[in-house]
Each structure stands twice: as structure tokens, then as C-alpha cells.
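Structures follow.
Here come two complexes built around chain A, the first alongside chain B, the second alongside chain C.
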Partner chain A sequence: MNQNHSVVMWRAREKFVEGLLALPGAIFIIFFWVASLIILLIFSFFKDVPGGGFMPAFTFENYIKIFTDPFYLTILCRTLVIAIVATIVALITSYPVAYKLARINPRKADFFLVLIIIPFLTATIFRVFGLVYALGNYGVVNSFLSYIGVGRVKLIWNWTGVIIGFLNTLLPYAILSLYSCITQIDKSLEEAAYTLGANKLRTTWHVILPLIRSGIGSGAIFVFVIVMGTFEVPSLLGRMKSGIVASVLIQQQIAFIHYPMASALSFVLLIIVAGGVTSFMKILGGRIKL
Partner chain B sequence: MRKTGIKFDLSWIYVALVILFLFLPLLSILFLSFSKTIYLEFPPSLFSIQWYKEMLCNKSLLNSFFVSLRIATTATLLATSLGTLAALGTRNLGRKLSNISYILFVAPLIVPYIILATGMSRLTILIGIRGIPAITLAHTVIALPYVFLLVNSGFQLLPKSVEEAARVLGAGQFTTMWKVTLPLIRPHILVATAFAFVASFGEFIIAYILSNPFANTLTVYIYGSIRDRQEPSVSALLTLVTVAVIFIGFFYTRSVYHQRR
Partner chain C sequence: MANVEVRNVYKTFDSVEAVKNLSFHVKTGEFFSLLGTSGCGKTTTLRIITGLEQQDRGEVLIDGKEITSIPIHKRDIGFVFQNYALFPHMTVKENIEFGLKMKKISKNSFDSKVRDILALVGLEGYEDRMPKQLSGGEQQRVALCRTLVLSPKVLLLDEPLSNLDAKLRKKMRIELKDIQRKIEVTTIYVTHDQEEALSMSDKITVMNRGQGIQIGTPYEIYEKPASRFVADFMGQVNLYKGRIVQKIGSEVTIVSDQTPDIKVLLTLEEERDYTEGKQFLFLIRKEGIEVLDKEIKGRTDVDSFIARVQAVIYLGSHSECICTFEGKKGQITFRLPASLRSLELLRTGDKVMLGWRPSNVALIGKEGEKYESES
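And now, the complex of A and B:
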């Protein structure tokens, strides 16, 4: 009995010691990431001093301003609309690719996956650089179009440019998360649907899509979160000075130094993103996986 | 029969178009770096290495590249060690603690980096660090979730019996960890370091907010270059970086596959 007890104690101690290994990482995240959020929360209640600077206070002024001032309401709505449009377009565009790759033999699919991952590994800003030279007014695509006699088209420095830029950076996320789900579906399920007389569209809608809900969910989360927080794509491909939340945040910190306002806006952004992510998770299910 | 043939072709054309679209920026960077003109034209007027020569003379561009390299290396080392330890420490926790630690270690991944950057810009002033160390610490925070998740997925594939066998044969807790567990999940740790490095090296918004004239990363430099000037010499450096990434990635995957067998 006594011996048994000591074995239990020993096990528990070993477990405890093992758990301690996680401590440095946890402290690191708490000290830098959680602390950053707490600082934001505190500063968001401070008073903005016109002309730069802040005063310690406890006021909801900043939050009230965000939800009443048309300027802030517009950018919040615009950011949300871009994020939702980009998420939907990215998922629709990537589905056929993911489906195709999931239904060919895995060796062949690996080759295509590598092709998709290579641009994925290059940073967003590097790709924006390439896109400016590819799609700009004097870029290679326009040069090609005028060469074959179509004439120049304005592809970037407008909304099209922003969506093209986001698609270019985010399609791999969507393709990979859909692909990993579709490969797990038994092909006989689709065949059964065909045998029972469903056409391709009906099969996709009623059989495949319900089965890959978690893949759609994790793809949507990645795209949505990244679009909500990305600054370089709208700024460089849309040339929008104060178009979205991220660019306003940057302006307020670097150009105007309205730190309390920037903190409040960050917090509103955080809440919108958290709401988006939890609703994606609720509707579609699934934990974040890599 | 004929109908399926046509469908087959159409979907392949679509896949090819999407992949071409994904490669469009990389291809235009590649062609620009060898072109004679300041813009990329069709048909491109090749072949010249003037932009490579200009790149070698561009001190601030090269400097920003080395700053990025330094930050990414340090952040990767920090994130890999902290993240691997965290994954080791959290795998046998109770349900409640395990959920809390999962949220804690994954949350930095799903909260937009601009929020972390805004908070960090004040935090780093409060604790008195700035420039390169500040960016390095912030990059460690964003790289840690990748390491945690990838190493965790390694543990899920690892059968418990292997470690139990080591314990039964008399190996202590840490000997088992060091000699059995870690070598078995080494491929996952290697992939995690690659992800961490890429996450830090290509990160823009945190580096932009925390940067100062002495701590410009490559991404911050390129942002300024796209916004303010025509600078094709950047494409020369980006071509070299991309080739290096593909090359290293190739050998990485090969060594990882090799270890799995």
C-alpha cells in the first residue's frame, strides 16, 4: 500500500517536472504578448492630447469616437468588407485546385503542392514588389496587352489591385487547408452520389462541402485574420492612404502619435477578429492545424 | 468518353493558370533582375547584370538584408527552443491545463500582427529596448506558435510505447527525452525551424513599427523602395534570396524525408 502510494507520488512529481518545461515559453508569451495586449487596453482609456501625446485618465472617449465618427466607421466597414470578399473569393478560387490535386495520384500531387508552397515561402512584401512590376501601368502585363493591341488596363492602385494582391498572397493557405480535408474523403461517397443520379454540382454541394467544413473553416480563419491585419497590400497595391484599419493604426503611431486612439482602434480590431474567428469555428468547426 | 476528356483538360488549365498567377511575382522579379530596362517590358529586353552590380553598391539595401538575417536567426533559435520545450511540457497535462496552454501558445498566430506591433511599440519603450532586439523579441513571439504546433503534431504521431520501452529498460525521465523523444521528432523540429525563420525573415508590419534608421529590415527597406522610388536592383537581391530559399528548402525536405525512413 505504502509502496503504491510512493509510486503515485513519484509519477505526479515526474509529470510536474515535465510540465515545468513549458514554463519558459509561457512566461515569454505572457511577458511580451499578453503584456502588450494589457498595455493596449490601459492606454485605450487614456485621453488623447491634440497635437500628440496622451494624458492618464479613464475615459471611453476613444471608443465612443470610433463608433460615432463617420471616418472610423467607414474604415471599419471597409476593412471588414475587404476581408470578407477576399475570404470568399480565395475559397471559391482555390476549391477546384484543391479538389483536382486531391483526386490525382499522391506523387503527382506532391509536385504541384511544392509548386504552390514555393511562392508561399516568399514574403508578402517581396511578392508585392513583383506584382507592382508585373501589373503596374508600365508593367509586363500591360506591356503585353498593348503589344497585342488591347491597350493598357489599370490593374493596380485600385480595389482590383488590393483583391489581386490578397489573392496572390493568400491562395496557398486556402488551397492547402482545403486539400488536406478533401484527401480524407472516401472517393466511394462521391461515386455513390453519382450512381444515385446526382450531377457534379449537387455532389459538390451536398456531399463534399459538408465533409470539408473544418477545412473551409481553417482556410477562412487564415485568410480573414491576415487580411484584417495586413497593411502593405492595400497601401502599396491600392495606394490607399487611410483606407483600412491597419493603415490608420500606422498613421496614428508614426505620423501623428495618437497612441490612446491607436490602442482603442487595435482593441476594436482585436474584438472583430476574435468574433470572426469564433464564428468561423462555431459554424464550420475545427481547431487550427498546421 | 470525349466529354470526360474535355473536362479533364479544362480543370488542368485552371490549375495551371492558378499556379502561373502564384508565380507571376516571382517570375517578374526574376526577369526584371536580368532586364536592361528600368521597367519590365514585353518582350523583355534581356540580358544584363547591371542590377546585380548596382545591388552590390547599394549599401543600405545590403545592410538591411544582414539586419534581417541577424534578427531571423536569433528569433528562430529562441522560438525553436522555447516552442519545443513548451510542446514537451504540455503534452501530458490534464484537459483543462492543456486547453489553456494551447490557447496561450497558439493565440499569437491568430491575432493580427499589427495589434502585437502596436502594443510592443509601447512595451519596448517602457522596458527600454528598441531597434533590433525589440524586433527580435517580437518575431520570437510570432514564430513560437508555428514551432509549438509543428512539434506537437510530431508528438501525436509518436507512439507512447517507444518512450515506455526506454523507461522500462531503465532510462530516466530526461535521458528518455534527450535520447529517444527528441531524436524521433527531429524532422518536425527541423521543419519548425524553417517555418520560424520564414515567419521572421518575411515579416513586415512589426519590423516597420519597431524599426528606426539603424534597424531597417529588408522588408522595411523594400516597402520604402516600392513606395518612393524605382529601384530594380532590389529584384537582383530578391532573386538571389528566392533561389537560396528554394535550394535550402529542397535539401531540407530531402533530409527530413531521409530521417523519416
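And now, the complex of A and C:
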């Protein structure tokens, strides 16, 4: 009985220590994320003052504007379409790379993975600026194309530029999440499919893809979330008119100082992202992991 | 139904020679085993036949036709993997149907085909289970079904029983052989378990370091091992180097170099270059050694000598006794006869007189040079 009691005490103390250790991180998250989200929510009901500034109020004006004003509606739709297209393109292009990496000698794969991760060490904005020079009308790519006689192609300040820009940002995420799934699949499953009469394509379709459904799901979530939040790409590589919510947000907040409108937009974006993530999880059974 | 021929096949992985000049011929309907320790190249050989690996040199022929240029999925070779490789996201039925679908066989026949093949292995009604709901033995049988439903020309089995527990393994041995006999499919079986190979095969190739060491029927491999490696691998422990000391007609007497007490008399089956003084490796089967009574000492049809008991090992179904020789190197192991099973009858330190009939002695290698091929 006595011994039992001391075990209970010991367990309780252990739990207390565990909680204590989690505290700094928890405080950080509550203070910087939850609290700021609440402030953001409050702000979104405030009123904008024409010419800059805002005043406290409780009005749904901003939300109503977002869902009725064609300007904001177009941006919302455009954001969703771009995010979905970029996600699909990123996943399709990264699959062959991820597969190859998963099936080569692990030591070689590590080398290539490091190459894929290194660009993360620079800020997105620098990489996107780099792309402006690479893809511009007199950039490296176009110079090469005209040299070999293909002629100049417009690769920037249009949708092509936006998609290329997003791929540049997103491929590493997509490759890494697919790679970690494919390495879990025993090679003998593929080999079994071959011996049963399946070629490479049908093996991929019937065996590998169903088995990495959750990986595709988590890859999709990552990519989708990042697209929704990356303002640099459409701002620098798209036309002025091809802004998405994130870039308009920056505009509203920094250029026009429309905090209440920006806050409302942020919340709508947040809800769209949450909805997107949930539906990806529903469809593909993915869980958030890398 | 088909016959398989492997001709002078070589395969090297990163400077390791996995298969080295390997040749064998499997007749139609035969159960053929590749037997050897892990890493001896037996699985690589199987993978080369399937097309999962490509040989560096040499040919693989099925029904006399070279198949190296045919892609895996068109070879019609069934392969059962060591880990079964069942598709985890498909039911038993879907797993079995997979190959039928790939071959674009009419879907109407699927149900009856799946039912028939499951009945063959005794898994009626298992259609809708998932692989992870099955025991190892059941998974094994589903893997077999998935391959057999396509009526492959050749069935390749890569250590299919090695992941099962000992009791089930013995049961599956009989079942597998039974199924193979029923459908008469040419089968190549890879194993490291000599008992498995002996009990199931029509023919065995013993492999070592990528080479075929000996090809023969189970009887030939066990009774007449061609080298020390084979003898050792088949579980022979009483192996001695010896020299012919006397030859009268076809009868020779060989004396062990290390242990002169061990003197064997045997009748040669073929007249060859067996001259006095020539060195040989010979074995005495442990199941053929008898503990003799004193009265029969001096019998000439039986060789005998005195040894000292070092240990008696109880193995359940039988016991083994290890003996040494006074003042000399070497030891001899034998299976205790039923009359001496009781542990009390023989104790460490006891002196025993051992003997055997010449039929329990075998010369290893017909020629002296085989004697060199020690493992």
C-alpha cells in the first residue's frame, strides 16, 4: 500500500515535470499566435477610415465587401484556382524525382536530398527575384532559347511565370513528402507486380500510388498551404492584375494601411486554407507530417 | 509446363561475384532446389531467371528459347517472394485477381478462378480478408495462389518457408510439394535448409560462393557428397583426412592421418586411380555408428576402436554422443541407439567401443584434388 502510494506520487511528479517543460513553448504559441489571431479577429470588425487609418467598431462591412465586391471575389477564386493547379502540377512533377530518389542507393539519395534542401537556406523573396532575372525577356533562359533559334518566349509577368515561380518554391516540399512515403514501400511489392504481368506504369497506378495516398495527402496540404501564403511569387512574377489573396493582403496592409480589411481577408484566407486542408485529409487520408 | 536451362551465367555486384559460371538444367515438371548458405548466389540466380536482375554473361533458356531479352512482365514466370509481397491495400481476392487483370483475361472467369485456386490451397472463403488479417502460413498460401492462378510456365520459390515457425514449416513442406505434384509445374526452389531441399526436391544443386558445387538427386547429395563443403553442409560431422594403406582387389583400407585409430574398410564402386598412399577425405555417418559389446571385438567385417565419451547431448527425439581418442586429436559424433537412450548408461569419461558397417563410410570426391576444396 505504502509502496503503491509512492509510485502514484512519483507518477504525478513526472507528469508535473513534463507539463513544466512544455510550458515555454506553449506560452510562446499562446502569446504570439493565439493572442494575435484574436486581435486580428477583433480588427476585422473595425471600420476603415478613407485615406488610411481605422476606428473601432463592430461591423460586418469588411466581410460583406469581400464576398460581394467583384474585385475581392475574383481574387478569392483566383487564389483557389492557382493553389489547386500549383498543387497538382507540383505533385505530378515531383513524383518521378521522389521515386527515383527512393530507389537509388541511399547514400546517393542523401546527397541529392541535401541539394534539394540547400535552396531553403535563402529567403523565398531572393529566389523569386533571381527568377525574374532568369526568366525575363532578356534573361538567361530566353537568351538561350533565342540562341538555339527557338525565339523569345514570354515566361514572366503572366500565368506561366506564376506557375514556374510556385514550382520553384514548392517542389522541395512535394519531393520530400512523397520521398519519405515511397521509401516505406517494400521494393518486392513492385517486383511482385512485374512478375504478375504489370508494366511500370500499371505498377505505379495500381500498387505504388494507392500505397502512398497519405503521402500525397500530406504533400498536397503542405503545397496548398504554402501557395496560399506566398505573396512574393504572384507579386513579382505575375501581372499586376494576377494578385492572389496573400499579395493583396500585403498591399492592403503596407501600401494602403487598411488594417481592418486586411484582417478580414486574413480570416477568410485562414478559413479557406483550413477547408482545403480538411478536404485533402478527407479525400486522401493524409495526416500532417513530413 | 516448360524446361529451364541456365548456361554459364555470371553476375557481379560492385565487384562481388554473386554468380559464377553457373549451369543447370531443370526438366519439365521437376522440383529443383538451389541449396546454399545465405549470400551464395541462389536468390540472385532466381532473380536472373525472373528478369529482376540481368546476368553479365551467360544464357537462360526456357523450352530452348533464350529469354534474356523478354521483359519481366511478359515472361510468364511465377515468383513467390520470401516476404510474400502481398499487396497490403488489396483483399485476398484482389491480390489473386491482380495478375489476371494485367493479362486482360475476361472478368467473368475471375470469381471461379479465385475460388478454385483458394480451394487448392485450402483457404476457401478467404476472398475478402486483408493480408494483415492472415497468419504467416495463410499469407504464404495466398502468395502461392496469386502466382499459380496465372498458370506460369515455371514457378520460382525464394525461401518461401523461412518466415514460418518450425512446426508450420514442416507441414507446409508437404503441402507445397503436394500442390506442385498436382499441377505438375516446373519448380525452382531456393533454400538454405538442407532438410527442406532433401525432402521436397527431385534434384538439388548445392551452391557455394556463386558456383554450383554439386548437382544430384537428394540421395546422391546426401550419400555421396562430392566435396568437404557439401558433406559439411549436409550435416556430416565425422570428416577425416586419410590415406590408403592397403588395397586388395576393390577393397581398400584407409587410415585417418590425425587419428590412426580410425581405420575404414570399404569396397570401391568403380575401379579408378586408387593406389596405396593416395590421400582422401572420408566421412562416417553419425547414424551408422554402433556401440559394440566386448564379445564382438575382433570381427573383421566391422571396423572398431575404443574412444572416450566427452559429452552426451539430449536432443529430444534422439541423443548424440561426442567421443574423443586417448592422446590423439579428432573426435567422432554418433547418434545413440535406442537401447542407450537413458542418460545414465553413458557418462562423460566412459570408455566405449565403437564400430560401423562399411556401408556407412563414404569417400568424398573420386579424385584426390577434390579433397582440396575445403570450405
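The rule is short, and it goes like this: the second predicted complex is superposed on the first by the 282 of 290 C-alpha atoms of A that agree within 3 Å, B and C clash if a C-alpha of one lies under 4 Å from a C-alpha of the other, contacts with A are read in each partner's own complex, and residues count from 1 in each chain.
Here is the rule we use: a contact is a pair of C-beta atoms (placed from the backbone, for glycine too) under 8 Å apart; a residue touches a chain by one contact, two chains touch by 3 or more.
Being a predicted model, the structure only gives us computed values, none of them experimental.
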Winner by number of chain A residues touched, once chain B and chain C are compared = B
Which of the two partners, first being chain B and second being chain C, lies in contact with A:S266: first, second, both, or neither?
-> first
Determine, under the contact definition given at the top, whether A:Y194 touches first (chain B), second (chain C), both, or neither.
-> second
Which partner does A:H206 contact after superposing on A: first (chain B), second (chain C), both, neither?
-> second
Intersection of the chain A residues that touch chain B with those that touch chain C = none
Across the complex, what residues on chain C touch chain A?
-> 50-52, 71-75, 77-79, 81, 83, 85-89, 98-99, 102-103, 146-147, 150
Chain B contact footprint on chain A (complex, rising order) | 14-15, 17-26, 28-30, 32-33, 35-37, 39-40, 43, 93-94, 96-97, 100-101, 112, 115-116, 118-134, 136, 138-141, 143-144, 147, 167-168, 171-172, 175, 221, 225-226, 228-232, 235-236, 246, 249-250, 253-254, 259, 262-263, 266, 269-270, 273-274, 277, 288-290
Would you pull the chain A residues touching chain C in the complex into a rising list?
-> 186, 188-189, 191-199, 202, 206-207, 210-211
What does chain B use to touch chain A in their complex?
-> 11-12, 14-15, 18-19, 21-29, 31-32, 39-44, 82-83, 85-90, 92-93, 97, 101, 104-116, 118-123, 126, 137-138, 140-141, 144, 146, 148-150, 153, 173, 195, 198, 201-205, 208-209, 219, 222-223, 225-227, 234-235, 238, 241-242, 245-246, 249
